[in-house]
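In what follows, a single structure is set out as structure tokens and then discussed.
By written order: A, B, C, D and E. Residues from 1 in each chain.
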């Protein structure tokens, strides 16, 4: 029989691991037209649950509420495809489990030419607000300026959809999107991909309790071993950790 | 400040007694050393220039304004903080602007207080209200709203509404001065018949015809003080103070 | 409908002429076949029961209400859609509730129209206003706001404000009925002196003393019609219609 | 380029996930208004009470809850209160936040409604020996309510849209669900247009309530003139 | 776990990036109110005009712009209008959206202000041969304005927070900048608390304007009584 390793005291609500998810980011997490959760992170959670012998509940919420909710002990962690970074890893136990990079896309009916990231100098680029890509673009623009190029005009929108809307309306010249989102859009014929593979970074889950994080790490590792891990990433056209790299908590976690 | 306690023997005859009453608004003294006794069944008319304290006096009698000094008795009950509800029950008040409740029908206006305060059953309250509306001759308007009545009709409803609480003393504050001239008469007739039935009434009014015909005494006020208390013949025929002479010359064109 | 054109010879004497004037509100006929001539310098008093059309009549003269049928001339100018501004300039109006502009001082109230409509320079307008305020004896209130004045003072300001436009005909709609009794007299005095200076005046009022003393003719209206036009002695001494008799008996208590 | 996809728009108009969101929006709004009216009434009464300290308390409440964003209030209730041992679920937190916020606005509306009832009405109630409660519920409130209806309409229209902020604490109403649905097909304008239609239907429903309310409470008031 | 970091909170209170956001919020609000007042005045005038078709147009405008979310209006202006060849920048779109939206609410406030001026005032202006313009600007409006101030206060407080929706089309005001700062240290509550303080300061500033305005426009009105 299945014996749960996670003790009741380690959970916010005994009996279930509650992870927040912001389903506005296909194919990682989104809803279909019935409102049912779909995407890689959803299926990962479904796989993890039996392996830790504890049900996983996905709590759908908007991003700004998530970190306070974890800190306040309203939920056990976040499973919303958040990028790893230093600061976050000091506040939460971060578990990187996949790799994403960024792509520049342009409207398919416009003749905008972007051959490399440096071509973005002096143009208007749309990104999602408060996102890794926004931060990356800001830093990159500063770098361009330091090299004597024109700065990038960064326009940040609430969701990837809003970014796309602005792109299609001609309000920005190009958009910087997570590559999986970019691929989805390209498939739908709305945009052309111009540059890809920028700013590679690791998607992570995040937890408030170390025991929970460790249990999830173990579950992910066993998925890596039995091939479920690769199968899921392939299904959604996303990239897992490089072969041979085992899932682990990265960073010090909260003190 | 005098504090005369009414002697038990005569108190039974007094409906309203004021002893050295003062009322101040901030620095301003609206009533100054007012002494007044109204006997049961008596009708007194209060007149005087604007701002002389007529409304303030009458409002002190039912506690709408709290007097600052002196003593007020209504039917032997002293007006104190603890007694104010009791005293209110002894009095009924009719205002210049009628102050009917505009969102209720005439009948609802008249049954509200008996039902909610006296806990009278609706049927009984409605029968009483209809009887009183008949008495003031507006019974056929019972289902209408105040705004559908003429001013004179509204004021008569206000009188009926006050009577429904069976007050011992009726207070009137310029009950006819907001009325069209033609409507004044019907309200004065109603008040006259009330007086004739023995109701104790205190009436602020400039209707000198009414004062002459109906009142037992006329009180003339000026600057917060009672200047004259006279039988109407004496007051109109031969006012004592210069101020009263001037006043009478101005209001009788 | 009659369409009598005034004969040139006599038209010069007429300040206001109404010929077979009708006014309807929906189905209701507020004025019915009204014929009336007011001579220059004449003072007429209009009285009658509430709802008889007195206000409507006077409001038709300056175009506040548009009459439906018949002809109205003011100082020889026919009241038509095109002429309504011209006619308005010939008339001044004083209302029951004064209708002073509450957010302006007395002086501002009086200079607004001369300055904005007649393009009078401020200095001149102020001098004129002060002269008129002096005439109605409220010049010392010029810097105050209307709410700081007594009702009688406010009504006199309203008269001065209307006079500032130098009207040929003054219209009054119950100018004293919202006033405290003591204040009625001062307003009537002001109106009286205007009449004596030769101003043409049409006056809705129930002040029978004023009608008797000042007016040249009394007009009695009932249900939208003019029932009687008489010299005051004749009207008060011996009203012809039953309705007028009833009316007089009711307003003179 | 074919920009607005009419078929997709019509599809969204009959999408049950969105319609469920409409239900949440309506429920939050109705609860917010009713709770806000009750609490706002209390605060308005404190604000006009005869005791200075009570006035100050009410003034402070209005200043604080009207002056800070609903979003912040929601986050604090959902994640700050548990630090004090008060742990409310997402829906309860959303309701509490909406009620506290709305009450501050409604208190001002109610107060100006009270002030518009002539003092003569209070004096008449007093002179008739009506109890305080009867005077308030039967005499003052029905008259004040008549004048409160139009600003209440403004406020309800605002609240209908403000409920969308509850998505930050995981309550999914109409707007949030619209934004989620967009990700599937990236049909921004079509989804927003459908959401706008739903909101318009709700607004129109309110208008249909407001009109008879105005009529009912104004039935005894003379037309025209002043 | 150390939940509220007071030092960080104080740091955010003097953060120039946030203060810059306050500037944007204030600018959007002021522009929205002024533009909304001008346009709302026009719409209110149409709504009370003597011609039925004009009333309908105004009624439709209010229904549409009050009934749909500002968010949707902003997105449509920013990404929908370019399809019709009208391409406005983010700031211009935000301003246009805020003005159009606010005008619908303010029109209702202005209209009820107009209706509260006694007809006698209009008649007096007429009888004095005042021109239409003079009557409106010198007689009606100053009196209507007095009664419009409190609901205007409610509306401005709402707008102050509603400007945050402009972030959907990439305008960076106070709320958006707060959320950007959160990404650095994840001190959500501390940043929100600082933002709340800024909003409270702005609200208080408005109160400081509102009070003398009420006093000025009420200076000629008798105290107490009715």
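Criterion: contacts are C-beta pairs under 8 Å (C-beta built on N, C-alpha and C of every residue); 3 or more make two chains touch, one makes a residue touch a chain.
Keep in mind that this is a model prediction, so the values were computed, not measured.
Undergrad: Using the touch definition from the top, what's the fewest steps needed to get from chain B to chain E?
TA: 2
Undergrad: Return the chains shared as contacts by chain B and chain D, ordered by label.
TA: none
Undergrad: Suppose chain centres are the mean of their C-alpha atoms. Which chain sits farthest from chain E?
TA: B
Undergrad: Just the chain pair, please, that has the highest number of C-beta contacts.
TA: Looking at every pair of chains, the most contacts join D-E.
Undergrad: Using the average of all C-alpha atoms in each chain as its centre, how far is it in Å between chain A and chain E?
TA: It comes to 37 Å between the two C-alpha centres.
Undergrad: How many Å are there between the centre of chain C and the centre of chain E, using C-alpha atoms for each centre?
TA: Whole-Å distance between the two chain centres: 45.
Undergrad: At what distance in angstrom does the C-alpha mean of chain B lie from that of chain A?
TA: Between these chains, centre-to-centre, one finds 81 Å.
Undergrad: Could you work out how far the Cα centre of chain D sits from that of chain E, in whole Å?
TA: The mean C-alpha positions of chain D and chain E differ by 18 Å.
Undergrad: Enumerate the residues of chain D that touch no fewer than two other chains.
TA: 3, 71, 75, 79-80, 83, 118, 120, 188-189
Undergrad: Counting only residues that touch at least 2 other chains, which ones in chain A make the list?
TA: Within chain A, residues 64, 68, 71-72, 158, 162, 165, 168 contact more than one other chain.
Undergrad: Throw together a list of every chain pair that touches.
TA: Inter-chain contacts occur between A-D, A-E, B-C, B-D, C-E, D-E.
Undergrad: For the complex, give me every residue of chain E touching chain A.
TA: 1, 3, 75, 78-80, 82-83, 87, 90, 167-170, 172, 176, 179-180, 182-186, 188-189
Undergrad: In the complex of these two chains, what residues of chain E are touching chain D?
TA: Interface residues on the chain E side: 3-4, 63-64, 66-72, 75-76, 79-80, 83, 105, 108-109, 112, 118-120, 150-151, 153-155, 157-158, 161, 164, 175, 188-189, 192-193, 195-196, 199-200, 202-204, 207, 225-226.
Undergrad: Looking at the complex, which residues from chain A come into contact with chain E?
TA: Spelled out, the residues of chain A in touch with chain E are 64, 67-68, 71-72, 87-88, 91, 126, 129-130, 135, 155-158, 162, 165-166, 168-171, 254.
Undergrad: Under the touch definition given earlier, write down the residues of chain D that touch chain B in their complex.
TA: 118, 120-121, 123-124, 126-131, 134, 138-139, 142-143, 146, 217, 219-222
Undergrad: Would you mind writing out the residues of chain C in touch with chain E in their complex?
TA: Listed in rising order, the residues are 62, 64, 85, 88-89, 91-93, 95, 97, 99-104, 112-113, 116-117, 145-147, 161-162, 165.
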